[in-house]
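Chain nomenclature is as follows: A, B, C, D and E, assigned in order of appearance, with residue numbering initiated at 1 for each chain independently.
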């Protein structure tokens, strides 16, 4: 039967029936500014979070960065340690691969969860020490830090028909 | 008689061919590809592809980076199937350094590869339909819906949607989270239904059949001779899939088939992709069942120093055979890294496929090859 | 599983048909004289039992003293592979083109010419592939900065 | 600001037609932004114009190479005033991970003026939409006889 | 009631001309909004919804923006032709509405005795503007688009006219108003094949849906209007949707009984609008679903499929008219039961004979 009707426009009608069915389906759109997706727990956000207390200034992160994007300057401290004078990330060049976070031996570096980081000026994308500094209100990603994973909200999944939550 | 014949040749309508520059910025060159097409009316007389508008020097950059730092670069090759590129690279480095990957790591890689294959084929078919002229992108948007579901899963394991940087030499960067497996199970269960829907939309569509059947034929011999690979080679009737021919990872443990086409036209290439999605789902199902416990990554020093030597590791990416030829000089960075580009070589025979067809067929044929400029130009 | 042929065995066969072409042999690869590449390629492709109908990968590498061209060949019929190499000097980086044997070599040879400066003699259209005309130097050479 | 300018800016705000130009990886996320899940059409940007003449917004999505640079400059010049540029992703902003390469333009702002920088590699669709909303804010402040 | 100007022809002319221009401009905006919103549910998204509630002012924003954009004339363009082309493209669209009856006997000249002939003649003019645009831009893509549109127009005018002839046969008049008056049974029920042919040919005529070869985004970038910006581009945009509106209106008049409908006689205009929207929805639906035809398929489809079918349709209808045309009291319902199966059988049989495909041309490079 199918072969007999092949080429007689039935395929076109089938296609139209398929698109017509979609008229009655739920829209999957996340209305972004009002409605937001909860990101993955391991989300690699477009900033770093740097824990000053834990950092020893070993610069492993700077060495592991593929494009040498982390600038870290240390000086000899009072005791047998180093003081980090400058810790700077050019987020306009960073590709957020997470290698720095993975390589940090003291768990002092985290990826952030932020992505709303556009700017009008190129210079604003260079994040200095203060902007990267860890404060309790900053959300840290659990990428390469599995300990943080339980504390983070569940990711929004499209497969569950979820289109994100209104206003965090 | 002589005067008659000369008269008739004079009467023939002479048309003058003209050169049309398609690209580097053209809506359907999938990036910045340029074709210099010689047209006679709408008929293609000659075609010369011009590459390099996205040549980023990845091979040179790789020489200045450690073995781990190269992985983010490989993400940006075939950006529609980054996981597979990661896999190709780490496989060649593992071959070079003689590293054994834990079983769980291998399974995770296979799952990621197959998800990537589904996602990439969805995009290939979607953009192909776009090139055929679905003017408001409906099939593409439907396929994007399924792709988003896969991207959700990728985001879950590695936190990114496009450039995953997930695989590491010796395994993967992090074990899959607990919630991953249920989602995958649900996806594998639901996906055949959606593929059936695409079939309904596309498989019998007369316009699609007319536009694709017999168009852009790549004969079997030429396909082999021109080093085509992946769906392009298989659509021409060659049963050659590296997952079967040269099984890597744990692919020898799965039961799946290699779909092939008969003619090697645009329609076959599209069919092969649809059928491969089914096979990928089969592999995923088996991988879920066999999924072992254990470590996801081997314990390795942070800086690799493979012994002097060279290795060529290859995997079957959704676009075809991708290989990395890596030469080591016992330093922390590869001495030389060459990428065997599947899409660039699939384009070798583009001219033979389109000469004599219309402008619209150039676009369609080009779309059916499914390239990503990041890897064509590197 | 693709079988990697033993270099010595294949080299022996090559030596019979194309004498004095093989320079060095190892377990996994065969190094041939650059002038003999085309004959060897034809031999490898057309000999029954070898049937290397598929050029998997063609690339080059700069080892400062010499430039090396690497051909990774596969036979789809027998599912085996071999690596063929040829070395040329930096002063006269010339290797015969194998486009007439495998068309898949077309873009790969152009790429090697573009990035490494190896001239493939007999290539129908040996132009820069990626970089533009007028680009100075060949970036993948080790001394290019 | 005069009320004429307000009306004009309102029109431009809600009808910023992007130019359907994709350079590299980021183009995929740009298409994802236009796809059903993120649906940039809600902002009136549903017409991805194929011709630069009819576009208002040039989203430079991906790595710009020196070989491509003249073409991008030309496309920008072909766009009709008023026009805006978003540099999407690390490669467009600064060359990103390819910044040291011999063939990559380290930052698209060396070729054409950029209005909004959206970091990320590639930026999530939401991040791009956020960048677009920042551009909208910029458009809203435009003066009537502004030349840029 | 001397002040009421409708008695005076010129006053009537002025009022209705203005009304039609306003109507067309407004409806085009509504159509643009309707289409963009309609894509939403088809594609599981929302469509424009930021500019005022439901994005209702979206077309207004588009208009404001596009009118104040820079106007670029390429250096190689033929300046005068480039300038006039949008006007030539848009004007015929407006003119079509002169004979469309919006309500019983209301319109500019709804009972023009050659109404439908006028529609066919005028609507074909629009293509001249498109070709002028394609040619004068001095761009190869636009030239290709322009050439395509001429071929398309020539091929699809024939089945369009033939399907209209079947309507005229049944109605017994060329006047639009009388055609509506003749539709005791809407003609799309009576002549499903005629309606189908008309719809497809009209789709090709207005260059939408699967027939949008002249601006084929994926092939020839933006086709004929690739070099147009600002206000001139807006004119083409307007012409495209205006033409869609015109063809929907003509289809509603010819096949759906125009202003006829149950209910109070004063709501005839609303019925008309509803039918116009329904037909436009069909156009959107086709556009959402189908890939584009190739240029030689388009010609083949027009000449080898639609043209013979339209001819046969005319024969069938004419035969029915000869046999039953004398019956008083309008058309008998049971003709439907002949025409519908006849349509299906004809389509099926002809699709057996007609095959797409091929298209490779031997070239010696």
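Note that a residue touches a chain if its C-beta (ideal position, glycine included) is under 8 Å from a C-beta of that chain, and two chains touch if they have at least 3 such contacts.
Everything numeric here is computed off the predicted structure, so don't read it as measured data.
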Query raised in the report: Counting one step per pair of touching chains, how few steps separate chain A from chain D?
Result: 1
Report summary line: Per mean C-alpha coordinates, the chain lying farthest from chain C is E
Query raised in the report: Measuring centre to centre with C-alpha atoms, which chain is farthest from chain B?
Result: E
**Report entry** Chain whose averaged C-alpha position falls nearest the assembly-wide average
**Finding:** B
Report summary line: Taking each chain's mean CA coordinate, chain B and chain C are separated, in whole Å, by 25
Query - Averaged-CA centre spacing for the pair chain E and chain A, given as whole angstrom - result: 49
Report task. Could you put a whole-Å number on the gap between the CA centroids of chain C and chain D? Result -> 44
Query raised in the report: Using the touch rule from the top of the page, what residues of chain B touch 2 or more other chains?
Result: 27, 52, 55, 57, 60, 72-73, 138, 141-142, 145, 148, 163, 201, 205-209
Report task. Mind pulling the residue numbers of chain A that touch at least two other chains? Result -> 7, 9, 12, 15, 18-19, 22, 27-29, 31, 66, 95-97, 158
Requested in this report: Quick one: which residues in chain D touch 2 or more of the other chains?
Outcome: 36-37, 39, 42, 50, 67, 97, 100, 102-103, 121, 124
Report task. Spell out all pairs of chains that touch, sorted by label. Result -> A-B, A-D, A-E, B-C, B-D, B-E, C-D, D-E
Query - chain B - residues contacting chain C, complex - result: 51-52, 55, 57, 59-60, 222, 224-228, 238, 240, 245-247, 312, 314, 321, 323, 325, 327, 335-336, 338, 340, 344-345, 347-349, 377-378
Query raised in the report: Which of the residues in chain B come into contact with chain D in the complex?
Result: 24-25, 27, 30-32, 52-58, 60-61, 64, 72-73, 76, 79-80, 123, 140-141, 144-145, 148, 161-163, 373-374
Report summary line: Listed in rising order, the residues of chain D that touch chain A in the complex are 36-39, 42, 90, 93-97, 99-100, 107, 109, 114-121, 123-127, 129-131, 133-134, 138
Report summary line: In the complex, the residues of chain A that touch chain D are 27-33, 36-37, 46, 66-67, 90-97, 115-122, 124-125, 158, 163
Query - Complex contact set, residues of chain D against chain E - result: 7-8, 10-16, 36-37, 39, 41-44, 46, 49-51, 53-54, 56, 78, 80-82
